[in-house]
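Just below sit the structures, each encoded as structure tokens.
Shared between the two complexes below is chain A, which pairs with chain B and chain C, respectively.
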Partner chain A sequence: MRVQLIGFGNIGQGLAHVLLKKGNSLKKKHGLDIKIVSISDITGTVANDKGVDLKRALDVMGKTGKLIKYPGAKKMSGLEAIEKIDADVVIEATVSNVKTGEPGLSHMLAAMKQKKHVVTSNKGPLALKFKKLQSTAEKNGVEFRFEASVGGAMPILNLARNCLSGDEVLAIRGILNGTTNYILTRMLKEESPFDIVLREAQELGIAEADPSYDIDGIDTASKLVILANAIMGADAAFKDVRIQGIRNITPEAIKLAEEGGYAVKLIGEVSGSHLEVSPRLVPLNHPLNVEGALNVATFETDVAGEVTIVGKGAGSIETNSAILSDLIGIRGAERRKRQ
Partner chain B sequence: MKVGLDIVLRDVPGQLVMALEPISKFGGNIISIVHEREAIKGGRVPIRVNVEVESNENLKRIITELEKRDIWVSKAGEIKKKEKITVLLTGHIVDTDLRDTIDKMNEIKGVMVADVALAMPHPDKESSARMDIEVSERAKAKTALDRLDEIAREKKLVVIKSLEGIA
Partner chain C sequence: MRVQLIGFGNIGQGLAHVLLKKGNSLKKKHGLDIKIVSISDITGTVANDKGVDLKRALDVMGKTGKLIKYPGAKKMSGLEAIEKIDADVVIEATVSNVKTGEPGLSHMLAAMKQKKHVVTSNKGPLALKFKKLQSTAEKNGVEFRFEASVGGAMPILNLARNCLSGDEVLAIRGILNGTTNYILTRMLKEESPFDIVLREAQELGIAEADPSYDIDGIDTASKLVILANAIMGADAAFKDVRIQGIRNITPEAIKLAEEGGYAVKLIGEVSGSHLEVSPRLVPLNHPLNVEGALNVATFETDVAGEVTIVGKGAGSIETNSAILSDLIGIRGAERRKRQ
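Right, the complex of A and B next:
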């Protein structure tokens, strides 16, 4: 399988690490020979028809932070690489942008038009233009997979679409953002104010320098839109979500909640056509009350009743579990098509 | 709706089945039956059946059918079970007149603020409150929460609702 990697940050470099470690076992177990024929970042593109030297690419990034410093790298953009280099799959792992969806949106659409399958961890384009992406993939007869965009390593989309495929999903509720869960858990345990816990999370690399994306609920809302569209067949967009973040949650409020038998969590909820992100009181013995940076989601379905899944919602290595499962899924879909 | 039926049966075999048939015939769901054998009087035995029926119409049909079968219905009444909802409020709760907030909630029929726990870190800073609200029936929970949202908007308070409310 000839794969192009667009975006070489946290997730992209994580994939390189995972392939260096597991490449052989993937070949043996799944007959899946993943060859990264090009890697692009904002500075340029490295291409090699026989497969880019991933170890070297990681070294260059570790030392310089710029892919263009890789010997022989070209000043070619990701979009050009998609249009000019021959490949089967494009992995789009650039930084998510929920306002315009770019550059991810253009990358994905261009790849589909080039009859390349698309795998992505990038939420922004999906939260804005899900239907367009899905119809473009269908029109071009390619697979469009995005397990890594919601819940990181937690296989939430595959669970719903494969294991619960006979059920109708009536509602989904959960913690879809590890950063806010970490902050609220620490506020409860330490009785510390929001600002101090946020700073601590930033120092640990759990929260971004600009934390608004997480703590104002934007990240959760994007994921909610993807779940509503992909699992519940909705035609929802980011603007349809009612959003309230966790900035004004005080340690006193969290303490009062605990005394009443509740934890405060930032919950994303899609129920019918209603999409909402807001802090909620979760009973302490409820399955959604998970601690630390974990993600969790409960499906309410017509046959199975409630099904809950818990897992790591982020992480450079962990999220690549989802990307690998998508690549293996594409391999399976191609085989079925040929038969 | 849940209804408690006090029924008086003749103390002969087969009467209980005869009394229960009309309930299922008109879509009633039997929740519990209490058979008070020690209270037999004049060859009649009282039983209490708690059922869930869809409407008053169905309840009337059940009672008519029971009476046709010579089964007395001595009492039929809706069972009102109070439900409790818990919310958290943050903001200037005291300065925006907590008493008034509670009064406004209590004005709604079937809604009562049962408990308030307050935390005030500093007179100038925002405070927090946990409020337990009792509602006479499930449908009232939404009315109560909608009204609380309105009050919170007016007073610039943040309402954090419980997950159970809609789960």
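Right, the complex of A and C next:
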């Protein structure tokens, strides 16, 4: 399987680490022989028809932060790499942009038109143009997989599609953003105000310098749109979500809730055609009440009742669990086609 | 899809209810046209090549508790039905027997030899003869699916196999028995001794008249063996599990644990080649700490880290979520073969 990696930040470098560590076992166990034929970041592209030297690429990034410093790297953009280099799969792992979807959206569409399967962790383009991406994939007869775009290592999409296939999903409720969960958990434990806990989280690298993407619910809303479209067959976009963040939550409110048997969590909910992100009371003994930076989602279904999945919502290594299972899924789909 | 149902108790009748309610939507959504061509219980068999009248069968069971009272029912055993009646799939849902595996074991082997796929909720035969069942299925080119045998509506097997396919599962820890979870939860909330809570659970129908199967860890151990074999490629049997139940747990011990930040739960654990069922301390804020009759399992994996799934471990309707997803899986496998 010839793979192009577009974006070589947190997740892309994590993939390189994972392949170095267990590439051989993937080959043995799944017959999945992943060869990274090119890596692109914003500075350039490294290509090698026999497989890029991943260890060297990681070294270069560790030392310089710029892929162009890799000996022999070209000033070729990700888009050019997709259009010019022969490959079976494009992994799109650039930074998410929920306003324009770019550059991920162009990368994905170009890859599909080149008859390349697409695997992505990049939610922006999906929150904006899900139907267009899905129909472009179908038209070009390629797979489009995005387990890593929601909930990181928590396999929420494949769970609904492969494990609850006989069920009708009536509603999904979840904590889809680890940063807000971390902040609300610390506010409860320390009885500290929002601003102080946020600053602490920023110092620890859990919250961004500009935290609004997380704490104002934008990240959760993007993921919610993907869930609604992919699992419940909706045709929703980011603008359809009613969003309220956690800036106004006080430690007093959290304390009061706890005394009543509840935790305050930023919950994304899709129920029928209603999409909402808002702080909610979750019973302390409900499986949705998970602490720290964990992600969680509860499916309400017609046959199984409530099914809940919990996992790490982020992580350079962890998120690649989703990317690997998508690659294995693509290999299965390709085999079925060939038969 | 021509299906034979062997066993018409809690789960079998639940399937009839589910098919009456959503048979049409399964046809529309998945192209899955399930026709129950025979139902057998211990009293006899009802067969109809055009599909048994499920509503009538439920009525007869509701009124008499004996399938033989169905007009036209024959004194034909489940085994004979499997051998004589033409079908694609056998659903084995008789009562589990962890000593001999019978009659389920003979039913499953006979079905496979008749080139019929097998779906089952019956853990006894799997805890005793997993490899034999698996190899018989392979030899006869049929599917063998048993999602309902562990954790009821909690899709634990398909989660590991389909959603964490790129991960190596290093260990599994879980509450696999709802009755013990209910009892331990009540002991905590009411500060009542084991005997009293057990009697209460028996009155509510949550614990059996002979409760040892649940509270002595036998049920959990059976499920653990299935997980070890199916997910971690072990060749384990019931006798390989170190088992300790919850009879000796006192409310004082539970109280003490809670003060220290822990809950006492009957945990089944498979880690490497070690299989153990025993009461364990679970941190109150860990996703494994679920209350009431819920089931839960945490996978420890090499890439994703910890992933936890929570769901209803039993239930006449709920468990059929697993049976439906297995039937849909078989249909997918058949299609792939035909291509």
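Following the convention adopted for this analysis, the second predicted complex is superposed on the first by the 339 of 339 C-alpha atoms of A that agree within 3 Å, B and C clash if a C-alpha of one lies under 4 Å from a C-alpha of the other, contacts with A are read in each partner's own complex, and residues count from 1 in each chain.
Everything below uses one rule, namely that a residue touches a chain if its C-beta (ideal position, glycine included) is under 8 Å from a C-beta of that chain, and two chains touch if they have at least 3 such contacts.
Predicted, not measured: the structure shown is a model, and the values here were computed from it.
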- Message: Contact-wise, after the overlay, does A:256 reach chain B, chain C, both or neither (first, second, both, neither)?
- Response: first
- Message: Taking the superposition on A as described, I'd like to know which of chain B and chain C A:267 touches: first, second, both or neither.
- Response: first
- Check the residue A:209 against both partner chains and state whether it touches chain B (first), chain C (second), both, or neither. neither
- Tell me which partner A:336 touches in the superposition: chain B (first), chain C (second), both or neither. second
- Message: Per the contact definition in the header, classify A:244: touching chain B only (first), chain C only (second), both, or neither.
- Response: first
- Message: Which partner chains sit in contact with A:281 here, chain B, chain C, both or neither? Use first/second/both/neither.
- Response: first
- Message: Touching residues of chain A toward chain B in the complex: what are they?
- Response: 173, 244, 248-250, 252-253, 255-257, 259-260, 262, 264, 267, 271, 278-283, 286, 288
- So, in the complex, the side of chain C touching chain A is made of residues 18, 22, 25-26, 30, 153-155, 158-159, 162-168, 285, 287, 290-292, 294, 296, 301-312, 315, 317-318, 320-325, 327-329, 336, 339
- Item | In the complex with chain A, residue positions of chain B that touch it | 86-88, 90-91, 117, 119-121, 126-130, 132, 158, 160-164, 166-167
